[in-house]
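I've put the structures underneath this note.
Below are two complexes that have subunit A in common, paired first with subunit B and then with subunit C.
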Partner chain A sequence: MSAVAAKPAAGSAMNPAAMAVGIVLLILMIGVAYILSPGIGLMALIGVIIGGTLIGFGVHFVPVGGAPAAMGQAPGIATGVAMLAAGAGLAGLFGGAWAAEQGLVVAVVTGGVGGGLMMAITCMMVNFVYIFGMGIPAASGKVANDPITGDSQAEYKSQGTEGHGLPFISFIGGVIGGVISGAGGTLIYIELLDLYKETLPSVMNVTAAQVMPIAVAAAGMFAVGLFLVNAVLTAYNITGTIEGPHDPKFKRWPRAIVASAVASALCGLVAILIVMPM
Partner chain B sequence: MSVKVEVIEGGVPHNKIMIAGLLGTLVCLYLTYLNVLTSTEMFSFFGGLAVIIALIWGSHTIKVLCSYGIGTGVPSAGMIAFGSGVIAMLFATRFNVLAPIVALVLAAIIGIILGYLSNNVLNMKIPAMVQSLTEMAVVGALSLMGFAALISGGFTFAGLTTGTISMFGMSLSTHQISFLGGGLVAVAFLLGAIAIQHPFNACLGPGWKQDRMLMLTAECGFLSMIVAAVMSFALISVGSALISLIIAIIGWFYTYNQYIVMSKRDAASWLDSKPIPDVEGH
Partner chain C sequence: METIVFGIGITALTGALATVAGAAEDTESNIGSQGDPNSQVQLAPQMGFMHRIFNKAVAGEPPAYGLWCALGAGLAWAFMAMQVNPVLAIVLGCILAVFVQGVYATTAYLGRTASLAKFGQPVYVDILKSMTTVTMAHAFIAIFCTVALCHLMNAALGHPFPLPLLGLVWGIALGAAGSATGNPYYGKERQYQNQKFGAGVPISASGNIVRYAEAGERNSIDNGFFTAKIGGSASGICFGLIVFLELWRTILFEHVSAGWGAIVVGILMILIFTVIDRYMEVWARKNYGPYTEVKEASS
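And then the complex of A and B:
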């Protein structure tokens, strides 16, 4: 194969043996958390795993175009998964963190709204630039008709491209992805914050009020770290670019669910170990 | 099986850079422990040097990994390095003097599992994946620990979470003014993540030269060290912070000049453009 024809080789095939190993690892880590701290630690780990899985699943909806999109040769937002997911997730995380005092449900919903709002604004401005700046219509290259509006795509697609701009389905996908991954990031933050507020005072021998800055910063940093790990693993799963929920690559999500769950369990376990007495 | 898109030979082999980087980072991190032994904060600048050595190693690892077209962009590699590194580093700080060793081992375990997940569960099948992700998690953890030592003078959990504030001449202990409680860790995170991914992103292509890329890494590292040294004025004594700042500025000037010299060497031709052309008189 010549270097020009070389493409990332990650196909859509599943690897059942590796997935089974992953699930065994996942159960093993939950077991370790159960032995160390059957109550609050285990609850936090389960929350972290659910949050990480939501991030991994949510990123699949986001229309990531990469470098070809920047030249108007492929649909999507013209940057990489890591940047987009970090933007949507951190916007959601900040939104959710403001509402942290109002309980789990309100905070997670606020985080989802924050992430979705950020993606909606991004998608709209991207289409503004494509349509009024570059003068190209929005057209998908992967489907003949838009699955939601039913609009035909082929007439608007330029020759030699895979489509361009953000068609309606990609826009909707971006907002859904922002909502899901923003909610996931906030869930991780809230669970870890509750754990640290409960356990750090006795670990550090200080009062609950004094420990707040440490608890907030540590939970925030762990949430950011977990978010980036999950987002990059998902980027590896879709090999860089995806058009949205109608893209054939979207069907690869079961692999990302397993990978995100194991990675979140691993990182979440370390985040819980930090407050275990030694 | 993925095909290696970019085969560029020459330069120091990767294993040599890896071993030198690992040893250099650990030695520099432990040299900051002289702060505790001599009860000063003068040796904090070794933390910054540890960051730069680790970044040089890490950017070459990114080169090894991203030579296989992974399709996700070079910045994602820097993000996963520091995302997994920060988790290992924060936990390792609880082990006091053993912290760098624990960070190394724990980050390696996290990296191996993430590499297995990407290669087997996500079916990437890239030969260098497991080793690269392992190295990058270690680089992320150790460079964050270096930033911690540079900014706060130590790498223990107590040192990172406790600071002092002087009020009306009294010295009070507080958790708000500290590396972790003040959120400085977030700035250190992005300073490192950008410095590790930029050099290969900027230098890749057919004209890639190892020494030019590594010099750019050192330049980015010193630039980050300048910012971190400015932040360290808040947490360590003015004299110690000044030492770090002066070393960072001198290092940055030297590496920047060297990078420009190497860029001129590798360029086909070179034209010094004037800032704004003078159009009057036409």
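And then the complex of A and C:
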């Protein structure tokens, strides 16, 4: 059996002990934030945890085929999952940061739509190259019929492959993944920006106007970093490739949620500690 | 009104820059053989197929371009802080970033190819000398266009992110768009030109890449020439559309209904692309037809 044809076996099961340890760690870190800064610091950490969890969950939707997809041997987008998700989410973060002045809800939704738009264009162009550049129709290797359109898949798989291109369910998965990830990244940015705008003037003894560029840059860097942390965690969870929400690997998402929450809490705590006078 | 017209002009310019950047990025990654298709370049000697293809998977394209664009943008930003003219500052920043790309390309080729010594794959010094400069030239175009559009976003359109952070964000997005769109064309259509057109590469053929050209052995410049026509232009259109539409909807509609106008327009665009994608999918199924007789699938 080739590596492409290998089905996920062990590793998809939940580990209750590890989950419990993760949740205890999460509560501990929230407790530390509460002790340090019960108001804005705690709110920022909770925002970071929710945002990070959204990123971790959203990446599961993104159809990524990795190297086999580059040869038309497997469905999905021919690049790495963390990279593609980061590209989409960061495009969303770009839009969300621009809309930060218009309030949390508008900014987060703008970020989500930005990520979704990036994925919609990318997925459409992937199918464009497959269909008009290479003459290959889209076919899934994981389901007999597309769950949305009902199109049969098996007879459209060329011989010796696991499928190719992006069937409609994978396209929709990509857009949903971009929306959720973009919204999560923007939420992290907005929460950290609010924290830094509030605390940095007293920490650095400068005016609120002077601190703005530093606050924007620091919040942006942490948002980008948290994006990559959560995208890579998810890449491990799905072992590199996934077709989208119809892929059996998608069912592993609860494990990634806990992992993303703990990792985001730790990173978020560091982001808060740098502006807390000790 | 003048602000909006100015914004639309800048948006058009950034869209054009992004299109050139996307095309140059994909062509650079194909000449340098970066990204997922390089797995076959690395695999071929292990299967007994020696070749003269450049072998440079420094990292995935998104983080690699994230690094180079952030570097170019950061250096340009530093030069601008020293009161250097922005155009000159961006050119100087990008030249320095390209030298870093060249160092990565050289060490990646030597290291990766040397690791294949036990399979008899030689390190071709003439390939190193002739290909590296070509990848660097294409990388310069991609990085320059990306840093220039980031500068326009920051200085002309007023995006709050500083230039180096914009370079990182759009560098990663550039690599993501370029690799997603361009990789299959290089990986399947060019590397496996000896396989049937209109079908994926059978897994059993892995590693058996095309190694001979019309005259002599194929090299990576031949690959760049071939993929620039469709893979490169499609990557350019992809990244150009992403940048242009993201800015266009923001510039024109962000003040409509307190920000919700840009959101609604974004959702409409997503729906339009969804319809186009579905149309293409159905078109392909109808015109290309199934590979085998329609039967009860048992996947």
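Note that in this section the second predicted complex is superposed on the first by the 268 of 278 C-alpha atoms of A that agree within 3 Å, B and C clash if a C-alpha of one lies under 4 Å from a C-alpha of the other, contacts with A are read in each partner's own complex, and residues count from 1 in each chain.
Methods note: contacts are C-beta pairs under 8 Å (C-beta built on N, C-alpha and C of every residue); 3 or more make two chains touch, one makes a residue touch a chain.
Since we're looking at a predicted model, the values are computed, not measured.
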Clash or fit: how do subunit B and subunit C relate after the overlay on subunit A? clash
Thinking of the overlay built on chain A, is A:I242 touched by subunit B (first), by subunit C (second), by both, or by neither? neither
Once chain A of both complexes is superposed, is A:L54 in touch with subunit B (first), subunit C (second), both, or neither? neither
Looking at A:L93, would you say it contacts subunit B, subunit C, both, or neither? Reply first, second, both or neither. second
Tell me which partner A:V224 touches in the superposition: subunit B (first), subunit C (second), both or neither. both
One more residue to check, A:Q153. First (subunit B), second (subunit C), both or neither? second
Could you figure out whether subunit B or subunit C reaches more residues of subunit A? C
Which partner does A:V258 reach: the first (subunit B), the second (subunit C), both, or neither? first
Scan A:L26 for contacts with subunit B and subunit C and give back first, second, both or neither. neither
Which holds for A:I190: it touches subunit B only (first), subunit C only (second), both, or neither? neither
Please indicate which partner A:V108 is in contact with in the superposed arrangement: first for subunit B, second for subunit C, both, or neither. neither
Looking at the overlay, which bit of subunit C runs into subunit B, 22-30, 112-120 or 256-264? 112-120
Kindly list the residues of subunit A that each of subunit B and subunit C touches, one partner per complex. 66-67, 80, 83, 86, 213, 217, 220-221, 224
Sites on subunit A touched by subunit C in the complex: 2, 4-5, 66-73, 77-80, 83-84, 86-88, 90-91, 93-95, 97-100, 102-103, 106-107, 109-110, 113-114, 116-118, 120-138, 140-145, 149, 151-168, 171-172, 175, 213, 216-217, 220-221, 224
Contacts from subunit B onto subunit A in the complex sit at residues 1-6, 69-73, 75-77, 79-80, 82-88, 90-91, 94, 106, 110, 113-114, 116-118, 120-126, 161, 174-176, 178, 180-183, 185-186, 189
Write out the stretch or stretches of subunit A touching subunit B in their complex. 1, 3, 6-11, 13-15, 18-19, 21-22, 25, 66-67, 80-83, 86, 204, 206, 210-211, 213-214, 217-218, 220-222, 224-229, 231-233, 235-237, 239-241, 255-256, 258-259, 262-263, 266-267, 270-271, 273-274, 278
Interface residues, subunit C side, partner subunit A - complex: 35-37, 39-40, 60-63, 159-162, 165-166, 168-170, 172-173, 175-177, 179-189, 191-192, 197-206, 230-231, 234-235, 237-238, 241-242, 245-246, 249-250, 254, 258-260, 262-263, 266-267, 269-270, 273-274, 276-278, 280-281, 283-285, 288, 290-295, 297-299
